[in-house]
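Here chain A shows up in two complexes: once beside chain B, once beside chain C.
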Partner chain A sequence: MTAATAAPATPGDNTAPGENTAPGESTAHDDHGPSTGISNTKLAMWLFLGSECLLFGGLISTYLLYKTRRGPDNRAIPTDVFDIPFTSISSFVLLMSSLTMVLALSALTRGDNHGARVWLLATSMLGGVFIGGQVYEFTSFLREGVGFTNNPASSAFYALTGFHGVHVSLGIVMLMSLFVASWQGKLRPEHSETVEIVGLYWHFVDVVWIFIFTVIYLVPA
Partner chain B sequence: MTITEKPVTEGPLELESGREAIAERPLGVLTRPQGGRGWRDWLSTVDHKKIGIMYGVSAMVFFVVGGVEALLIRLQLAVPNGGVLSADVYNQVFTMHGVTMVFLFIMPLAAAFANYLIPLQIGARDVAFPRLNALSYWIWLSGAIFLNSSWIVGGGGADCGWFCYSPNSGLTFSPSHGVDFYAIGLLIAGIASLVSAINLIVTCLNMRAPGMDLFRMPVLTWMLLITQFLLLFALPVITVALFLLMFDRLFDASFFNPDMGADPLLWQHLFWIFGHPEVYIIVLPAFGVVSEVIPTFSRKPIFGYTFMVFSGIAIGFMGWGVWAHHMFVSGIGPISVAAFSLSTMFIAVPTGVKVLNWMATMWGGQIRFTTAMLFAVGTVAMFTIGGLSGVTHAIAPADTQQTDTYYIVAHFHYVIFGGGVLGLIGGLYFWWPKIFGYMLNERRGKINFWSMLIGFNLTFGPMHILGLQGMSRRIDTYSAGFGFEFWNMVATVGSFIIALSVLVLFHNVWKSKREAADLPPPGPDPWDARSLEWMIPSPVPEHNFDEVPTVDGLDEWWHRKYGFDDNGKVVQIATVEEAAQDGSAKGVHLPAPSFWPLVLAVGLPLIGYGLIFNLWLCVPGGLLVGMGIFAWALEPVDDPDASHDHHDDDHDDDGDGDADDAELAAAAPVAPGDSSALAAAAPAVPGEGGA
Partner chain C sequence: MSTTTTGHEGTRDTAQESSAESDAGHADADHSEHEHPSDWAYVKIALILAVITAVEVFTYFETVLDWGSFLIPSLLIMMVVKFWLVATWFMHLKFDNPIFYKMFVGGLSLAVGVYVAALAAFEFWA
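And then the complex of A and B:
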């Protein structure tokens, strides 16, 4: 692998957009940098997150439409059995993981590899606690007779929170990959943009949860 | 451009000063394929041009599949009480005809143009993420094959119509696995389009040559960019709808089943919030093609470039506010109907602007009616007819009469076939010499055009009349005596004329190739065209541009050939040979090929079969996907041993990887979703001396 390969991960390498360079100056090189000044990978992640907004938008709309529909047999719906204090705590845990994510990025940019590793691990563990809470919540719902197939309300509830849970889990996989890379000494300050991009995803998943939590647990039926 | 066998130390391929040259093999990672020749090269290629060609070829295969389905429909309806197909099979055939033509023919054909032309038109060496580009193609192909495999293993095709309304899509009315294949197949194809949309948007925004401002991009690139934005935001909505449909059918959820208290209108909304932007996803690329072809053959710049671009953007925005005009009879209430009527009338305005601008471009021009130009003008005319019948749907009381009649079928075929397909076929004639290095014969091309135009109008024109007479769409047969007989027979005859015309196209491709040996090569610029792709040799060399051009204005290539004399008259200032690049650059560092996109794509349909038949099948599928993602992230972004271009003998890894290409590949592992983190694992770099 050539030296040039490290370049995209280096912040500052992308700050010289080639767009308005004087003719003749930048033509000497192909590497005139991204035209927007935002690196390709980061721009791609922003676009992906834009698309994700519509995905969760569709699922949240579905839940809003169905939240009180008990079906012909009048079976239980999630709002009958949910435990707001419990979910509030796990929501708080998830929100705190955004803080540790920021700390991980900050540590890595400062060159504090050990700190970055600790905070990456902390972030994924907080995410893990949230997922654990969700698994507990789902099982207790099932015990209390609110299954996926009960009625439109419960189908919509499991689809919405399930999709979010899958997103958090994938985020944990990403964080753990970064952690392992850091453990092997491969994650260095020049890769901070990679951590930043994973951080974008992670913050997005957190922000979406704020909406979901509000819609499901806080807005009265 | 200096011609050297090894990377030069000056000129466009220079190693950035101070950057160290390191030639160490990365530790603990997989090697990358070398490219090679023949079919293996195609399986592992990440070259946007080859991927574009593969999209095009696959699209034409599915054009034939969808076309055969269309002919079956027309045979069935040729005479009253037709007996070619049973009612059940008829439902499957018209559903699969629609799905195939929309998702497996027009969209990938547009993707072929987007892949091939966007990097060339903006002066780039490749797309932003070459491996993701290969991934898009392979995933799309696996989804397409998966969808069509339901004919064999799923007990028949989907039978719910292409928009698959509930409750027709439910288990009660569609007990075979067809709809399951529809849902999962389109989900898989949707992943491909989403990845491709992100990739191409980043390419348009970030990979432009120096001086190529956004408002110097050719109109085609602009229209394709808008299309990608529409895909980016429309696909997640259909993804939700398809997931919910799949949950309903395979896991007993209740999202669309009215018996369980669900609302079938939810599907209609989700589908059409995707479905109406989809209409523009289909026609905007063709608008872009027309906007390149008409100025070239009128020898004039496009009239009102900025207006043209902004009306495209306006269509992109307004396309989101008209979806419910598909649902005027669904009971959405008078206020919704009124609002969506108005917005539907308004969206005709930017479209009308485009039509007028095309005509103004031709006005006073030195028009050459080549085949490509004929197709472009035909597109404008046919789309205008389709657009006008579309405005009649905006008037809700009239639409109430027309809904689910053949009038609708006539309308959307004028828009999609007349607007989309004719335009894209014109694009084939226009760019064929650029892509394959030989011209398609003009005489056969004109036969192709006129037979297609006549066949098209014979097929779909009478459907307006049939619809107004009250013939409903999707009925498998009709009785004699309603007055439907004559026009149905005309439509059937017309459809076979279209089929003949398509055969003429295929014959033209084959015959022209054979004749090309005796003809002079077309050269870089056979049409005296205007945009950057015409300044490089035909067919395009693997590295695209010898030297990335610096752009000074719109129609850059034209202005390199022509200037103005003192009287303001156009004079030639350089011949094509003088101004064009000769494709002789060596040592251009290109992204290395990879097999992992293909591996990843093979896993997805396995998961699909698993969901439908036996969940255990998901295990190998999931393993393949996971392996593909991890191997992707762990393979070196560029193989230091890879040959650098044209598979030449350049093996002296002196670190000539210009950051551009290295960045292309380095960036590639960040797939949307879970693989982005794995990119971090990719820098398994023992000696990165960069920073």
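And then the complex of A and C:
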């Protein structure tokens, strides 16, 4: 919706609303929000998240089907070298980053820009800790002989957790962008939907990890 | 768990009412039409999630308690509860327009369908 379509564009412009439209074309929608009554950007994000379910569904399915396949030379698979206590801490960190994310949105909504900035920074830092943990985990797995191309189980594991790590990294980039915008005074309460949409993405990578942590790490092979 | 939201915004039914209002020509971006829970409510949800995660990790140490045949069902139930809490409270599915809920559940259902199809393909046609 633009004000120009609902009212004369300039003080001297007496064109009535809808006068320059093609016959039969209504301009009524210009006076209101989206005809669905819901935010288009939020709708787009939810559609995107719905499609992401399919991406991760495919990756998780692949891992579950291959998780015990050691290959012809019977090399180590990820389940042989899992460090559950360490991964539990990483999982807890990511889970708590969802709390800081909703607190950032809550602070911005009530006009507390400083609080929003602090929680956004905390969320991205917790995400950074999770990614650091994943890098450490991958490094220790490689050191113990579980390479990406060793066997189908390893390939499926690295593809799944690697894709998730890329998603978390992208989320950190988005969070830091919001943090910088807030620092520059460009993030105000009227932009709370932007933070909410980034938050939806962030919570989604969290729920995917909730699934991965249980099904991949905790359920015995 | 009691919700701290007040008025008509706190239930999905009212979101449907809101949708109906939109159809009647009062369309507006929905993000301003519902209130989010208080910070304390979010903290309580996070505490519940932390406790469930602790129990999940506890199952790993079989020397402390052998869960036996209850292990996998227990883990899956705890996973679903955590998933549901984050999706409904932190992602606001509990308070938002129900179309978002349907989209997410639709995606999840398709994902489960992918797994079942892949499993069947490997089981019966591999």
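Definition applied: the second predicted complex is superposed on the first by the 191 of 221 C-alpha atoms of A that agree within 3 Å, B and C clash if a C-alpha of one lies under 4 Å from a C-alpha of the other, contacts with A are read in each partner's own complex, and residues count from 1 in each chain.
Here is the rule we go by: contacts are C-beta pairs under 8 Å (C-beta built on N, C-alpha and C of every residue); 3 or more make two chains touch, one makes a residue touch a chain.
Bear in mind that the values here come from a model prediction, so they are computed numbers and not experimental data.
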Query: Given the touch rule stated above, what does A:T79 touch, chain B (first), chain C (second), both, or neither?
result: neither
Query: After lining up the shared chain so the two structures overlap, which partner does A:L170 touch, if you call chain B first and chain C second: first, second, both or neither?
result: first
Message: Per the contact definition in the header, classify A:N113: touching chain B only (first), chain C only (second), both, or neither.
response: neither
Message: One more residue to check, A:F204. First (chain B), second (chain C), both or neither?
response: second
- request: Have a look at where A:S140 lands relative to chain B and chain C in the superposition and call it first, second, both or neither.
  value: neither
- prompt: Touching A:V102 in the superposition: chain B (first), chain C (second), both, neither?
  reply: second
Task: Could you look at A:L47 and tell me whether it touches chain B, chain C, both or neither (first, second, both, neither)?
output: both
Query: Of chain B and chain C, which one contacts the greater number of residues in chain A?
result: B
Task: Check whether A:V215 is in contact with chain B, with chain C, with both or with neither, and answer first, second, both or neither.
output: second
Statement: Interface residues of chain A shared by chain B and chain C, listed 32-36, 38-39, 43, 47, 50-54, 57-58, 62, 65
- prompt: Contact residues on chain A for chain B in the complex?
  reply: 1-10, 13, 18-21, 23-24, 26-36, 38-41, 43-45, 47-48, 50-55, 57-59, 62, 65-66, 69-72, 148-149, 151-152, 155-156, 159, 170, 173-178, 180-181, 186-187, 190-191, 194-195, 197-198, 201
Message: Give the list of chain C residues in touch with chain A in this complex.
response: 18-19, 21-23, 25-31, 36, 38-39, 42-43, 45-46, 49-50, 53, 56-57, 59-60, 71-72, 75-76, 78-79, 82-83, 86-87, 89-92, 97, 99-100, 103-104, 106-108, 110-112, 114-115, 118-119, 122
Residue ranges of chain B in contact with chain A within the complex: 11-14, 16, 19-24, 26, 125, 128-129, 194, 197-199, 201-202, 205-213, 232-237, 239-241, 243-244, 247, 251-255, 259-263, 266, 270, 547-550, 552, 633, 636-638, 640, 653, 655-667, 670, 672-674, 676-681, 683-686, 688-691
- prompt: Can you name the residues of chain A that touch chain C in the complex?
  reply: 32-39, 42-43, 46-47, 49-54, 56-58, 60-62, 64-65, 84-85, 88, 91-92, 95-96, 98-99, 101-103, 105-106, 109, 192-193, 196, 199-200, 203-204, 206-207, 210-211, 213-215, 218-220
